[in-house]
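For reference, chains read A, B and C in written order, and residue numbers begin at 1 within each chain.
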Amino acid sequence: MKNSYKNQNIAFFLLFLSTLLIVVPVGLIVLVIIQKGLPAINWQFLSDMPRQGMRAGGIFPAIIGTVYLVVGAIMFALPIGLLSAIYLSEYSKDDLLTRLIKLAIVNLAGVPSVVYGLFGLALFVVFFKFGVSILSGSLTLGIMILPVIITTSREALESVPQSFREVSLSLGASKWQTIRHIVLPNAIPGILTGTILGLGRAAGETAPILFTVAAFYLPRLPKSVFDQAMALPYHLYVISTQVPNVDEKIRYGTAFVLLTLVLFMNLVAIIIRYKFRKKKKW
Amino acid sequence: MVKFEVHDLNIWFSSIHALKQVNLEIRSNEILSVIGPANSGKTTFLRTLNRLNDLNAAFKMTGAVELERKDIRGIDIEELRRKIGMVFALPLPLPLSIFENVVYGVRMQGERNRKKLEEKTEQALRQAYLWEEVKGRMDESAFKLSGGQQQRLCIARTLAVDPEVILFDEPCSGLDPISTAKVEDAMVKLKEKYTIVLVTNNVKQAARVGDRTAFFLSGELIEIDATDKIFTAPQDKRTDGYIRGRFG
Amino acid sequence: MRKIKEFVIVKLIQVCGLASIFFVALIFLFLLKEGLSVFKTVSPFDFSFGKNWYPISEPAQLGILPLISGSLLVTLGAAVISIPIGVGCAVYIAEIAPLKIKEILKAGIELLAAIPSVVLGFIGMITLVPLVKNIFHLPTGLTALSGSIMLAFMAMPTIVSIAEDALYSVPKTYKEGALALGATHWQAIWRVMLPAASSGILAAVMLGIGRVIGETMAVMMITGNAAVMPNSILVPVRTLTATIAAEMGEAVVGSEHYFALFAIGIILFIISFAINVTADLFLQKRQQ
């Protein structure tokens, strides 16, 4: 008996150790980036063009480029993703087709991000002749975040109690009216959560934009959706590996801005989810 | 006059035979009480009348249900459900204000005129004996009302659509005796204008408000007759047994 | 009028319902369209098992064996590190951690999942790479080992969250039964909980490895990018993903090199497809 408790203590210690091995580095990574990146942040860094081959100046065009890309991606992915979620939650039957759709979503979520880049290059840049442009990059990112939006929206829609639907239908409302006036309004927090998570994902990805939109060095703002753009994650890649002698401060500063942007969106999503779970009326 | 005619109705959910060969009619302006133990098929029967069972993918039916001699499957489903209102077992206000709950069905028909909607609301709430209690609180959430008030709100919401028939699915199962009495009062008054089908677990309630009573057991209609007869001289031993509380 | 509008909306919903299938098919189709052309000049055998990857020499040599080996080596290393730690952490969170700490740990794991891969690559370059260089006295710290360690981190959130889910969904009665028979908590975990959750944990491991194989930016930044056959875990390697990311920018559209990179994309797509379908089957099995 004593022996089995001793074993238990050893085992639990090892489990605790593995947890520490994950959590401590995560904390350190975030801390290091904050500690070294925060001093680099000032208004000039955020609002200036890069200068001297990106060795000085700010990262303004990269921030703006990322905003354009993310907004474009969401404009494409939200309508399609939401309608797709409505289909799965409200219209699909439990049949082979639905199984296939769910499998396709799982696969879409698993496709390596660089393969999305290839796909975007082949379809949007070359086949549709959109060129290396914000449009191509946004559409590529949009397809990539589709599974996130579909999955979270579907969960949100399905968590609306069935009884609300029955009540609405029993009062003579049509199915679409029921979805539009009862199901959707009550699923908005969940849909919003999914949308923001998708935004965060799109903002942080590099591989899909490598050959579809990203400009190495473009010290001006893009003029139209057919223009190239800089983007934060690609910019960080470039100044860390492609350009020698970049001040460490600028690298950390860029990493800090990107990380803050992505984590901020995740935080907002978590807060929305938490608040509405507490406030739920039924 | 006959409102509903049900012919040889059989219902399955997947392989479960929920209703077996049911034949009956429901008359205009009567209250038909439907009683029976749990899983006797009485709620399934009720939900067949406004085709709410159709939502269940495993639902299958044979036979026919006719509303005023027209097969209900031939009537536009939204129109059918407007004609046949339903009050559910638990108070189920929609997550909207009191006002929006009452006018929901009317709005869905396309009515936008604020004045008409307000008239409709007052009228429906008065019929459900709720107006005096809520008249100053129209914009409050319906969830702020008490259970009994919520259930009367649900009745008002159903009335606002001007139905011909109202289906009550154990409407008092979650209510205290005083609220129950109020709901029963409302039902008896409503009989003048509407046909009412009341599914209830409460045998005494069936006796109090029903003109006729139907007894279901294991998916079969055992007996249907005037309430007095069912309660004093039932034809079937099983009816007698259920009413006297031997099972169920 | 309203009916017509609703009819259109419902049709639209049905069409969008198929969007995921459509896009998966479209991705595969376009990879095939561009990638299969490479086999006009290189035989599939030489492509898969050729030991030389010199895409811009004349004539080009397009053998991806070094790249496959690089991917395998890095992935294997990452699996060895991430599986025990990830599953251990999942057990700790699901079974041992007090409720409040559990929430904090889960938030930490979510945080890790949210950190962009390029940021992890950047941190890896600055911290991990010099560390590996100094410990093993290597000429460069940009090695397969550095990549494995970094990728292990990226696999862990997937492994932890899915394995934790699997453990959580084991019926409470299993554990209570074991405890009632006098087993210690650890014995109950080891003999009852882990076997009962095994298919979910297996799925977690597979999806974690899937994430590793597909990972691009971090691995490109810290594995050194040498497209040669690796003979140890302490040398620079180049993975399939990094090859695409690093070279597509320079490949001329329609060239042999361009086609070859798409052919690598086909391989990656098929691997991720196989992993996801299998993992999904395991998860489905758990639900029954």
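As a convention for this text, a contact is a pair of C-beta atoms (placed from the backbone, for glycine too) under 8 Å apart; a residue touches a chain by one contact, two chains touch by 3 or more.
This is a predicted model, so every value here is computed, not measured.
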Inset, instruction - Could you leave subunit C out and let me know how the rest splits into touching groups, if at all? - result: one piece
Inset, instruction - Averaging the CA atoms per chain, pick out the one whose centre lands closest to the mean of every protein CA shown. - result: A
Inset, instruction - If you tally contacting C-beta pairs, which comes out ahead, A-C or A-B? Let me know. - result: A-C
Inset, instruction - Compute the distance, rounded to whole Å, between the mean C-alpha positions of subunit B and subunit C. - result: 56
Legend entry - Chain centre separation (subunit A, subunit B; CA means) in Å: 48
Legend entry - CA centroid of subunit A to CA centroid of subunit C, Å: 17
Inset, instruction - Hunt down the residues of subunit C that sit against at least two other chains at once, touch-wise. - result: 2
Legend entry - Two or more partner chains touched - positions in subunit A: 174, 177
Legend entry - Complex interface listing, subunit C residues touching subunit A: 2, 6, 9-10, 12-14, 16-21, 23-24, 26-27, 30-31, 33-34, 84-86, 88-89, 91-93, 96-97, 105, 107-112, 114-123, 125, 127, 153, 156, 160, 184-187, 189-190, 207, 210, 213-217, 221, 241, 244-245, 248-249, 253, 261-262, 265, 268-269, 272-273, 275-277, 280
Inset, instruction - Write out the stretch or stretches of subunit A touching subunit C in their complex. - result: 4-5, 7-8, 11-12, 14-19, 21-23, 25-27, 29-30, 32-33, 79-81, 83-84, 86-88, 90-92, 100-101, 103-119, 121-123, 126-127, 143, 146-147, 150, 174-177, 200, 203-207, 210-211, 233-234, 236-237, 240-241, 251, 255, 258-259, 262-263, 266, 270
Legend entry - Partner subunit A, residues of subunit B touching it in the complex: 50, 52, 55, 57, 78-79, 81-82, 85-86, 88, 90, 92, 94-95, 104-105, 108-109, 141, 143, 154, 157-158, 161
Inset, instruction - Spell out the residues on subunit A that touch subunit B in their complex, using ranges where they run on. - result: 93-94, 163-174, 177, 181-182, 185-186, 281-282
